[in-house]
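Chain nomenclature is as follows: A, B, C and D, assigned in order of appearance, with residue numbering initiated at 1 for each chain independently.
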Amino acid sequence: MSGTRGLTRQQMADRVAREFQDGWIVNLGVGIPTLCSNTDIGGRDITYHSENGIIGYGGVAAEGEEDLNLVNAGGQNVTLKPGAAVVHHADSFGVIRGGRIDATVMGAYQVSMTGDFANWKLNGQRGGGIGGAMDLAACAKRVFIILEHVTRDGGPRLVTACDLPVTARGVVTLVATNYGLFEPMGSGFRLLEIAPGLTVDEVRTATGGTLAVASGLRETEAG
Amino acid sequence: MAGRTKLLGSFAEAVAGIPDGSSIGFGGFAMPGTPFNLIKALLDQGARRLTLVANTTGGAQQPRMPDIGMLVEQGRVAKVICAFTAATRPTDVLPFTQYYESGDVEAELVPQGTLAERLRAAGAGIPAFYTPTAVGTELAEGRETRVIDGRAYLLEYALKLDYAFIRARFADAFGNLRFHRSQRNFGPVMATAARVTIAEIDEPVLRAGGIDPDDVHTPGIYVHRLVQVPPPPEGLWPSRRQEKRR
Amino acid sequence: MAGRTKLLGSFAEAVAGIPDGSSIGFGGFAMPGTPFNLIKALLDQGARRLTLVANTTGGAQQPRMPDIGMLVEQGRVAKVICAFTAATRPTDVLPFTQYYESGDVEAELVPQGTLAERLRAAGAGIPAFYTPTAVGTELAEGRETRVIDGRAYLLEYALKLDYAFIRARFADAFGNLRFHRSQRNFGPVMATAARVTIAEIDEPVLRAGGIDPDDVHTPGIYVHRLVQVPPPPEGLWPSRRQEKRR
Amino acid sequence: MSGTRGLTRQQMADRVAREFQDGWIVNLGVGIPTLCSNTDIGGRDITYHSENGIIGYGGVAAEGEEDLNLVNAGGQNVTLKPGAAVVHHADSFGVIRGGRIDATVMGAYQVSMTGDFANWKLNGQRGGGIGGAMDLAACAKRVFIILEHVTRDGGPRLVTACDLPVTARGVVTLVATNYGLFEPMGSGFRLLEIAPGLTVDEVRTATGGTLAVASGLRETEAG
């Protein structure tokens, strides 16, 4: 069983991006979450915030048009949308801790059914890479996680309890994997949508903890 | 204020006199705001037993630029305080990671927002504050927490610096600074946290008052030494002029 | 961001819907930054049992401008949180002082820097912090103190606002603000501390992006309603144009 | 005995201003301290800071030339010196608490021999006017106090212990009165300079607590 079944990376990002509501302030983490900004979500106006103090960035800059002193949290040279503002790092995390981020989208190694998640340190490592993840996880109004449903050797990433050091506890709102869309419910995960080509049994087998299935389960649009 | 200038002629002069045992903060988030030229001068300067404070130790990009991980490799570092001892993606490898993982150097891993706020607190005379970040994680183990209005918070202390090394786009002779876009990042908070702030500047330094008072990002009272970055290849990392040529 | 505007047509509209029991912060230090037009509209709006947060209750100057002391005089204020219940010079008399001294209204007297920092903390998600200010004074009696590195500090809590009323020189349609000189004062911290920030603006509101991102003093994400101050006598307190005419 | 003996208000301010060293950052309180900016102290460059976020203001603006949105802590329309910068209120008190103010000059009702002083509340008052005084008093490197040596009814303002609510404890570096220049020593005051026309005995009688006289006592230049 490999992580390439079901939705592609962009399709997972698309699914999460379709949750964004008009006027939201959103922080996109490095990796798959970055792809959310590619999704067409109609006329909805989203303000993208980056940890380094950019409020209101747009797409990646065209080659030759980069401002080398303008990067998002992933170090990509981005553009600015009209109405953008720049603040320093302490003020930028003031935006985060102050509760102004409507949604943060992050990658993770594991998510638990109680809404814990782990994304900064592997077992056996002395240190890790925290960056802004703990601040965002603790303070954003909604924490959306995108991850491959299973590990390279087929083990579950949606688990009863994280065995990796957690980034924050009880904060995850929604989880998009290549297998579908999930909500941590405390006593288990609820499957809200299933990826085309997968069966509920397949998803259940690949998921740690209990899996409840939403009434009227729909297939995730793979657009 | 008009009568003096903080402008020095060389990076070597700017880092002269930094003693062993100093704590030094470095601006920068990815490339923007990283004081590559001051780091290079510090690599030659020789001070030892340093405590380094930065978002990351750098060195992920190729070709490798002067970074503070090199000070670690030179055996001149007692401790690093940062938000990453390893890269976000396990597949990226920071040169620093092996030194830390093998126990060759101490590090204190701090969430990025807490790092910024601890520096801001040091600058603003706030000795300690509470934050929701890292509650319930390994970083909070054995640490003091406090419940306020029903939520748990972690106590964090101000992080003072002896020196801050930063990079800005514009400066005037009094030391007022302006940053360009995401070059700003840690620069302003590092400057307030430090006893002595040394800034490398993209553009020629203006006369005192050359920046409108409403447009100053970092007041000159926080800035002590300025050096203009010369054109490449002598000066490291492109100035605005080059960016447009790329 | 470009598709929407926060610009409203009147001050009455800007203060509509503020319920009884709200906490409202007011920018301003002496005249600059004081939202006289919003205060005037609030005097007519009728909300009661208000908590007011400001440096001072105003009313020292002649002729008297609309000030928040007038809300107290109207019996609409439960509490005032401020740095002055009386003027610095005993010979100056604030209209508010008699109401407070006679026990007609509650007040919480806070050192000015602590007031600014409590608002900043509220905006920055810091629930509490330590400060050296007021240690050893009457204000510290019965309060929690803590010794850090041999010095005593007082614990202070964040001060959140429901609304902030502020005045700025420039705004764009997204709500980004720029202040002119000492007009800035409490404006930026009040804006971050409040759920809803209402700003009166000296100059015509610009299109979104009309302020360079590096020049924004208060990001538009913190600003919800804008009203342009009309020319006098309808609009209160001079715009820049008048200043130069004086 | 009236407060008008000895030095004038401007002369007291001049005496304190002559303490300012080249490159200092100084905060001047409302009233007599404001007059320090009129003093000619040669080529020494002083950066004046005001609580409302002005770093580097100059003299009072000429009539007709005022920028009405530019005031110092006393509400006067001032000018800016080249190199001035404006910050918001929280950052301005960050300058103060962060220990960047080399000297603050304030008026007071009382100063004690232990370096306490009182300037925000009278006895019997419910509230008072604190403003930025407590922040400045607690955090400036040097606290210089200027006050009339005696009250209107002739009582001392330099006292053994303040009977008014204090602004800060143990912080006063130097006191200038119309009678001379004093240093709180803990066990008493030391008279560093005496105003022209006064005798040590007169000063001692008008001072609470012990008065020590500096060896080689000089007369304050009344310039």
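Following the convention adopted for this analysis, a contact is a pair of C-beta atoms (placed from the backbone, for glycine too) under 8 Å apart; a residue touches a chain by one contact, two chains touch by 3 or more.
It should be emphasised that the depicted structure is a prediction, and the values quoted were computed from it without experimental measurement.
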item	value
Count of contact steps on the shortest path from chain A to chain D	2
A-C or A-B, whichever has more C-beta pairs in contact	A-B
Centre-to-centre distance between chain C and chain A (centres being mean Cα positions), rounded to whole Å	37
Euclidean distance of C-alpha centroids - chain C vs chain D, Å	29
Distance from chain C to chain B - Cα centre to Cα centre, in angstrom	34
Residues of chain B engaged with two or more neighbouring chains	117, 120, 124-126, 131-132, 179-181, 184, 213-214, 217
Where chain D touches two or more other chains at once, by residue number	54, 80, 86-87, 90, 93, 96-97, 139
Pairwise touch network: line, ring, star, complete, or other	other
Every chain pair in contact, whichever chains are involved	A-B, A-C, B-C, B-D, C-D
Complex contacts: residues of chain B adjacent to chain D	1-4, 120, 122-126, 172-174, 176, 192, 207-209, 211, 213-214, 216, 219-222
Residue ranges of chain D in contact with chain B within the complex	23, 25, 43, 45, 47, 54-56, 80-87, 90-91, 93-100, 139
Chain D contact footprint on chain C (complex, rising order)	29-33, 55, 83-90, 97, 100-101, 103, 107, 109-114, 116-117, 119-120, 131-139, 169, 179-189, 217, 237-238, 240, 243, 246
Residues of chain B that touch chain C when the two form their complex	117, 121, 124-132, 146, 148-149, 151, 153, 157, 178-181, 184, 213-215, 217
Complex contact set, residues of chain D against chain C	30-31, 50-54, 64, 66-71, 75, 80, 86-90, 92-93, 96-97, 116, 121-122, 125-135, 138-139, 165-170
